[in-house]
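Note that the chains take the letters A, B, C and D in the order they are written out, and that residue 1 is the start of every chain.
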Amino acid sequence: MNKTVTSAAAAVADIPNGATIMFGGFGICGIPENLIAALVARRVTGIHTIGNDMGIDGFGLGLMLEAGMIASHTGSYVGDNKLLESLLVSRSFTINLIPQGTLAERIRAAGAGIPAFYTPAGAGTQIAEGKEIREFNGRPYLLEHALHADFAFVKAWRGDRMGNLVYRKTARNFNPVMATAARVTIAEVEELVEPGVLDPDAIHTPGIYVHRIIQGERYEKRIERRTVRKVPA
Amino acid sequence: MTHLTDQKKRERIARRAALELYDGAYVNLGIGIPTLIANYVPAGIAVVCQAENGMLGVGPYPFEGQEDADLINAGKETVSELPGCCYFSSADSFAMIRGGHIALSFLGAMEVDELGNLANWTIPGKLVKGMGGAMDLVAGARRVVVTMEHTSKKGAPKILHRCNLPFTGIAVVETIITDLAVIRVTKQGLVLEEVVPDTTVEHVQSATEAALLIPAPPRIMAV
Amino acid sequence: MTHLTDQKKRERIARRAALELYDGAYVNLGIGIPTLIANYVPAGIAVVCQAENGMLGVGPYPFEGQEDADLINAGKETVSELPGCCYFSSADSFAMIRGGHIALSFLGAMEVDELGNLANWTIPGKLVKGMGGAMDLVAGARRVVVTMEHTSKKGAPKILHRCNLPFTGIAVVETIITDLAVIRVTKQGLVLEEVVPDTTVEHVQSATEAALLIPAPPRIMAV
Amino acid sequence: MNKTVTSAAAAVADIPNGATIMFGGFGICGIPENLIAALVARRVTGIHTIGNDMGIDGFGLGLMLEAGMIASHTGSYVGDNKLLESLLVSRSFTINLIPQGTLAERIRAAGAGIPAFYTPAGAGTQIAEGKEIREFNGRPYLLEHALHADFAFVKAWRGDRMGNLVYRKTARNFNPVMATAARVTIAEVEELVEPGVLDPDAIHTPGIYVHRIIQGERYEKRIERRTVRKVPA
């Protein structure tokens, strides 16, 4: 079994205009840099993006936004992308804001065959408008539905050609759950290894969820907010 | 009354908030003032900080040159590891939060009211930045502590009879810690428990829209 | 007609069932006849077997002396690892199953009917042993293939107009592979697709309560 | 932070009669041997047990059954314990059978703050009787509720005194999800190490879920069905 694709360009070659795509990452940590770049190079349009946020201007999903490729976005936060802010102010862009935990759980539900579940997050708020509200043990909960995608772009630290993935530190974030929720999951990794190299007890995403895998190139891995302490003298 | 700089106010709030910590507590510190609380953890107490992007055991900012793009907190700042830390996915992180495993969540607020309602995510007519994880945190943490300046920059009360802004959560706030006072949300209403040494109960009430209950003389808030 | 031993019948069923496999398929093999399928995977084809207790990449029984109490399949038998295998929790395992990620689930059956209903977990009045993971597997796998002897030990049909026993799942079975035939469940009813070389269509029908549709001449089933 | 308890006896000393307890393990693989033994030694009664199965006669939950400590059991399968079979035949025991995936997901839901969710498993069967049935995309699903416990007994391979746990191979099974769903989770490990020893990227159960941890002793780790191949000559 070999799910390796030779390039990011080849891995995204069949993505049509109008596709719904999930993007792993939190801010610009753990984002699929190579796959985004390859998709931007193809200039597909009308993409419905799902991701916690839209990264920053000039990097990550910001590049797709600047290229005019995005028709709508579903996420929990948009505050760090100035172009997105201005598009929202001018009402030229559709955004669907969801509490971060509900976003994660809706994606997990899609991967786990759970069509809907109840959550306390957002009960009594604007988020509850139009949603079914139900009490359990005297407390109100909202009915939330599974969130699926056509494609998921995920970034891992290491992976093997069967699609098994291991993430590194907080670059894990939304990647594992998104890997489960799309018809086609495409993974890029910093290091592609042979099956048997990764510790079977320490694999985060079982290969069953990954349909294509590429060895990423030239990772920038930018830092959004570099905060440091002085080294004691 | 002493006139404090904004920075001094924030430190005062964070220092008092740190007294809510206890040994072995698992806590989530929000962006802004809550982040400062980590600087004032009392001696002899070990707490474990959660970052909702997927980490338990968040350490201080890394030493210069040791920043790691793969290691950030929920404010997207580079951080470091403490021994015994661990990583998990966003889904697992919010399962942890929603499931009531976080003992204490400290958050900032635009408005809080006497029912414990919280508004801290959006102002109608202004740009919506998104709620991030705030709605999940206030719904899931076992105790929600609001840390904020007592009034707005213009001096308007932020502790209200009823919130005007869109809610982040309903009846979620348990304690409010400001640069003037510590207030507990109870079924009877807001109880003034502590006031800072350099002010009066009357001043605190005048800076507060909601009526403050004073069943016992307020203690002096440690500053 | 040849009279086969039970063991020969089981091998025949497993061998034919293995032809449903394809390169890269993720499959779950139930207890009994399905377990035998692993012995007949066609050359040049790599499949990944899932054990619902939490493993992908289940290998053959270990060599003597290499048994590991921490490494068992869903039948509680000791197994071995194949390269690229991985482990996960029961919750993650059934998320995988329920979410439609398993391409093929092979199970035994007490009864199957022409609507694709399956009964394989309990007989009223007898001891209930529990459904284990069967209800989740038939609800979640993309294709459910029943592998069983065509009739009961007493010769009674097991492929029925309607199941008499309590259901494991409703309209879940897609293919039935027996020691006599391969039958496809369609909206129109049960289509007889293949019969073994040593029997006749008439015999298969006589051993089947449900009416078999024969839109095209059945192929000879590989035995 | 030190969650270490000196003995299994001390770890279970406060468990009252009538408690609801979850037990990790699948068959007798990955079961909390030491904690079960300590509880049997205490002879508490009226325990409501939750676990995939009841192990075998003379080992695992079978020991509690033989000691007459169990008032009811919730699980997915009972077929491998002969005493349990006879108790069921004589109707002197209450058992609640749940599809294995629904059992796992109900326990996960309890840990994850999800009061209820919809699942396709069991729709149209006896399991659906008395349950709310709802269609999503034309397919019927059952509403299932979170399953909580007072205590969870889990068994890990390695753990540290902050409660972080790592499981080994298929001994993981129900342990991690049960660790999240009880008021008090007690873990036993084959090797107790200092915080910082376990790879933070490879921890299966974050310490937040574990309230007490003990170093287990004299693990039997019996094998239920020893199946082997001949070593080629």
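Here are a few things to note about the model shown:
We take it that a residue touches a chain if its C-beta (ideal position, glycine included) is under 8 Å from a C-beta of that chain, and two chains touch if they have at least 3 such contacts.
Only a predicted model underlies this, so the values are computations on that prediction, with no experimental measurement involved.
Note on connectivity: the fewest steps through touching chains from chain A to chain D is 1. The chain pair with the larger count of C-beta pairs in contact, out of A-C and A-B, is A-B.
The chain with its C-alpha centre at the largest distance from the centre of chain B is C.
Chain B and chain D have Cα centroids lying 36 Å from one another.
Each chain gets one centre point, the mean of its Cα atoms, and the points for chain C and chain D are 28 Å apart.
For chain B, the set of residues that touch two or more other chains comprises 87-88, 94-95, 97-98, 139-140.
Annotation for chain A: residues touching 2 or more other chains are 105, 108, 112-114, 119-120, 167-169, 172, 200-201.
Judged by the touch criterion defined above, the protein chains form a pattern that is neither an open path, a ring nor a star, and not fully connected either. Those chain pairs judged to touch are A-B, A-C, A-D, B-D, C-D.
Of all residues in chain C, those touching chain A in their complex are 23-24, 26, 46, 48, 50, 56-57, 81, 83-88, 94-102, 139-140. Only residues 51-55, 60-73, 75-79, 87-91, 93-95, 97-98, 117, 127-136, 139-140, 166-171 of chain C touch chain D when the two sit together in their complex. Of all residues in chain A, those touching chain D in their complex are 105, 109, 112-120, 136-137, 141, 145, 166-169, 172, 199-202. Taken in their complex, chain D has these residues touching chain C: 26-27, 29-30, 52-53, 75-80, 85, 88-89, 95, 97, 99-105, 107-108, 119-127, 157, 167-177, 204, 221-231.
On the chain D side of its complex with chain B, the touching residues are 1, 108, 110-114, 160, 162, 164, 180, 194-196, 198, 200-201, 203, 206-209.
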